[in-house]
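After this come two complexes, each holding chain A, first together with chain B and then together with chain C.
The block that comes next holds the complex of A and B.
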């Protein structure tokens, strides 16, 4: 190695300093504030220990419900996006499909849309009497299927998760397609000669070789799911009532109420959950990579 | 050769970038046109219902621009989000130059506009505003905002034709009201137009019926503010929450009230799809402007909300007002805009151009109420509404809207709605170290 070509460490100093100042310090400060009674109405800030965390986890607090909702949202959307993304990617790399790129583009296009726009469009499409979906169902004579998508307590969360899956699966599909195209065709040829069926090939070749891609997708989906805000805010604003509230809508609400310490407490809880989950996801996946 | 082309291209790009950055850093200030007009753009942030749908404020801003060259850039946010949004913006220093928010600003639970805006006490127009309304934009006798709408009163507007056809008379008690709703429903109409997505409309029955609270105890509002009594000490409140739930379950609000938006109320009333809705008298003018074939001012009559057997009309001297951001670079220009709006001819223009508005809080401008309306208003017993008199009510208005929504979907019982209302009040009071709560 030619040492003279390497940059000395202090070249990164300025960037590291900025990162430390603008990202690391505020993060730590945020966590520190969660142990205080910081709010909008008084200039004093007092140390209150774990009181805020107690308020979140104690008894039957509404915050627990938000945390539960967030986890449910994350698990379901991660699974659905991965399944649909994978299925679409497999389909759109088959040779018998024509205009593959066109199809890929159509399925990817929701990703380009802003969450707010998608949310508002779906809110009007899902209106129980004037919305497109129910009108469409009724015109097919399927009146029984026309539901109160965004106001019925049993329907609203599945609806929100479906819309989010619709928006996010295109991106997952594109990533998986890139992974699929990098798998060398020889494996499939060899497997075909041995008489392997489609599913055998999928199970023994595609899936193991896609593992690193799937790990990345899971990390992306999980971090997105836990931090979700815009989609829920624009579709239901956490309603009806607080039925679809998640951690970040609660954080927003606490900040606007002026209860800044509670906002940072909830953010800190989210931060620790994300950190812990990511650690385990990455740890559990990294040993299982197949050697090619 | 190729290298040279590359160099030229990159140099031009770099030069372009530098020019762009320098231009981006420049302010719009200072570049006065040849005719002495200023080249300034004021940002004006408001919620949807803060600006009349007729666009009259935008028209006035256009006139102002023609006269002074100062442009007004309107940034409008949804009602349900404005209160949260503007608080976040104010605290992060990103608020617009002129801010429109709901008044009063003097309650402990209000948006504390006195901390964020320029004091306007010395402005020449201040003394021309009605005293009770001026109090809503003042804190400790210092004036901070300019406001225009006259006192608000929410009635049930009802379709007289439908009532006549079904032989119904105006209900004065809750049980009569229910009977009326049932008959209207059986006749195939939606009895009441309700819309919960905006977050505020469904809350009106709870706090516009302050007359009931004052009936129980004339000093009720003070006692609540001193924490000598809590909301569960007011039977009328829980009664009304239960009655709302009963009517919702009975289908008197129709099927879609949880998906409806208040913007569609005009259409619902004009097409006679719905027979009643809670609105101000001026709402009829608004309907008539958009649906000229439906003579709303003749066909729609009003009665006092009979929730909890209430007979007293709630008067709300507060409305919305405009404030100048303390951190704005253009506060002088904004003051100039307020002066412009306060001119008598512009006040008149505003009243005429805003169909839903019947009167201004500027006594020099005569109201639009007909003789009949005025006689009706004079005949009513009046009481101040709760949200302008009791702390920590208005600040949780939108949250209460969500609680009611949750009750309608079955996630909360009326008792739980009352409890969350109480708890939120206590939480807010303690956060603000209110002496009634924190000893």
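The block that comes next holds the complex of A and C.
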């Protein structure tokens, strides 16, 4: 049977065309425009070489701060979501926990709301004078703990990252639970017979067998973290000042100022970073090296 | 001694589980209660029940927030873009998964690279302008279809691999052409993955905020997310109305989530565990 005739490539044509036109072309075009002075104020577009990249990387530009924030956000939220997700998954697969499925559903539920709505919910919860959290702390007599969560320069970034973890950890938990359930219980039975403790079983059975899942989660969290926009835009819009600005909020800022070349340059920087990681990302999605 | 330790551990485990569930759910409960309070009562955000249940908050919000039109906009964008995704992705996944060589292999990796690579929204504006799609509903639908293709293709590709090839062979012996093979034989077998894609992509489109922010500057074309964001800006000090608005935005996805729960969890784990 002729495979090429039976499975004609043009069946994939529509998907490839849409993706090419609206995702790939803008990426390439964006890189091309990052070497120009494209903006909303003049019709002419001139080639300026690496000037935009120099503006980003030279001296102590605000753009470097955005890139640093993006990396910090990515690293911290990846670690927090993985730790919480893993711990919750381990806890909520134990037989002695009552209403396991109910807990799982509750903890997963923020996942279905948009980042924007989650951001708005917490903007009201964390309001310094009328917000629920500060009211609650004051009612316990803990006035000292009531902070300006989203306006205090030192508090704001940890707050944003915590809210993001609140929303994202349930997803990670569900993925890990699926991984845990695919581990054959016989391993644990054998280990129990040999007198292994909970932590020994965790280190020697659970963790090695979860490795592909954990790699996957890390990839998910890192690619999300690098591209984060909605959550930060709705919680702080990058403020106060530029304390919580990340690459994608900066792109939007430059875009709305009409500073299109700078917007596309920042976007391209992000593109190159992810492109450098792409091989590992795709490999981890297929993870042929370990088969659970 | 060991036994008491075990019991304490079990109680502790249950307490921790309950505490975390509470931390996750409390913001949503407060929001829900607030949506029924009077403006003054809502400003002292607490967990207490409303003294008087103000159902009219919802009516006010629907009228003032132009929620009906943005609700239907959101529905339009989600349903049509998901339909496009499901159709083009199942066809693509079918041929790529059956014959993953040469150009098909290239197309597969080319498309799934989009799972990770960021969209350049600034340059995308230029492309949409060239195609006369800025500020149009058809433009936003095509855009949503395009950005959801990569992950959907990845999931569908994995699923089609589980359908035995012998089915194809039998169909060919019976005289099926490629299009008949796909439409009559394979497509009906795709129901589980199509449901997963439908739920996941619907939620992703409904919840998206970036695309209308960049490409729709006409408030009559806004979906729910952008409408609620704008409403929040205008009514920041009427927490009761803001809460009602947020609850109304959440309702459709919650509904889809409850109906399609098993597909979501199935899709989430298939995407990351089986690969």
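One rule holds in what follows: the second predicted complex is superposed on the first by the 255 of 292 C-alpha atoms of A that agree within 3 Å, B and C clash if a C-alpha of one lies under 4 Å from a C-alpha of the other, contacts with A are read in each partner's own complex, and residues count from 1 in each chain.
Everything below uses one rule, namely that a contact is a pair of C-beta atoms (placed from the backbone, for glycine too) under 8 Å apart; a residue touches a chain by one contact, two chains touch by 3 or more.
Note that the structure is predicted; figures quoted are calculated from it, not measured.
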item	value
Contacts of A:140 with chain B and chain C, given as first, second, both or neither	neither
Which of chain B and chain C A:207 touches, first, second, both or neither	neither
Partner touching more residues of chain A, whether chain B or chain C	C
Chain B versus chain C as contact partner of A:79, first or second or both or neither	neither
Touching partner for A:255 - first (chain B), second (chain C), both, neither	both
Partner chain(s) touched by A:117 [first = chain B, second = chain C, both, neither]	second
Touched partner set for A:7, first chain B, second chain C, both or neither	second
Touched partner set for A:179, first chain B, second chain C, both or neither	second
Set intersection of chain A contacts, chain C complex versus chain B complex	127, 252, 255
For the chain B and chain A complex, residues of the former touching the latter	80-81, 83-85, 87-88, 91, 196, 199, 255-256, 258-259, 395, 402-403, 405-412, 427-428, 431-433
Chain A residues touching chain B - in the complex, by the definition given at the top	39-42, 127-129, 148, 150-153, 237-243, 252-253, 255-259
Contact set on chain C toward chain A in their complex	10, 13-14, 16-18, 20-21, 23-28, 30-31, 43-47, 84, 87-89, 91-92, 94-96, 98-99, 101-104, 107-127, 131, 142-143, 145-147, 149-150, 153-154, 168-169, 172, 178, 181-182, 203, 206-210, 213-214, 225, 228-229, 232, 239, 242-243, 246, 249-250, 253-254, 256-257, 261, 264-265, 268-269, 272-273, 275
Interface residues, chain A side, partner chain C - complex	1, 3-9, 11-16, 18-27, 29-31, 33, 88, 91-92, 94, 96-98, 102-103, 105-110, 112-117, 120-125, 127, 130-132, 135-136, 139, 166, 170-171, 174-175, 178-179, 182, 212-213, 216-217, 219-220, 223, 226-227, 229-230, 233-234, 248, 251-252, 254-255, 260, 263-264, 267-268, 270-271, 274-275, 277-278, 281-282, 285-287, 292
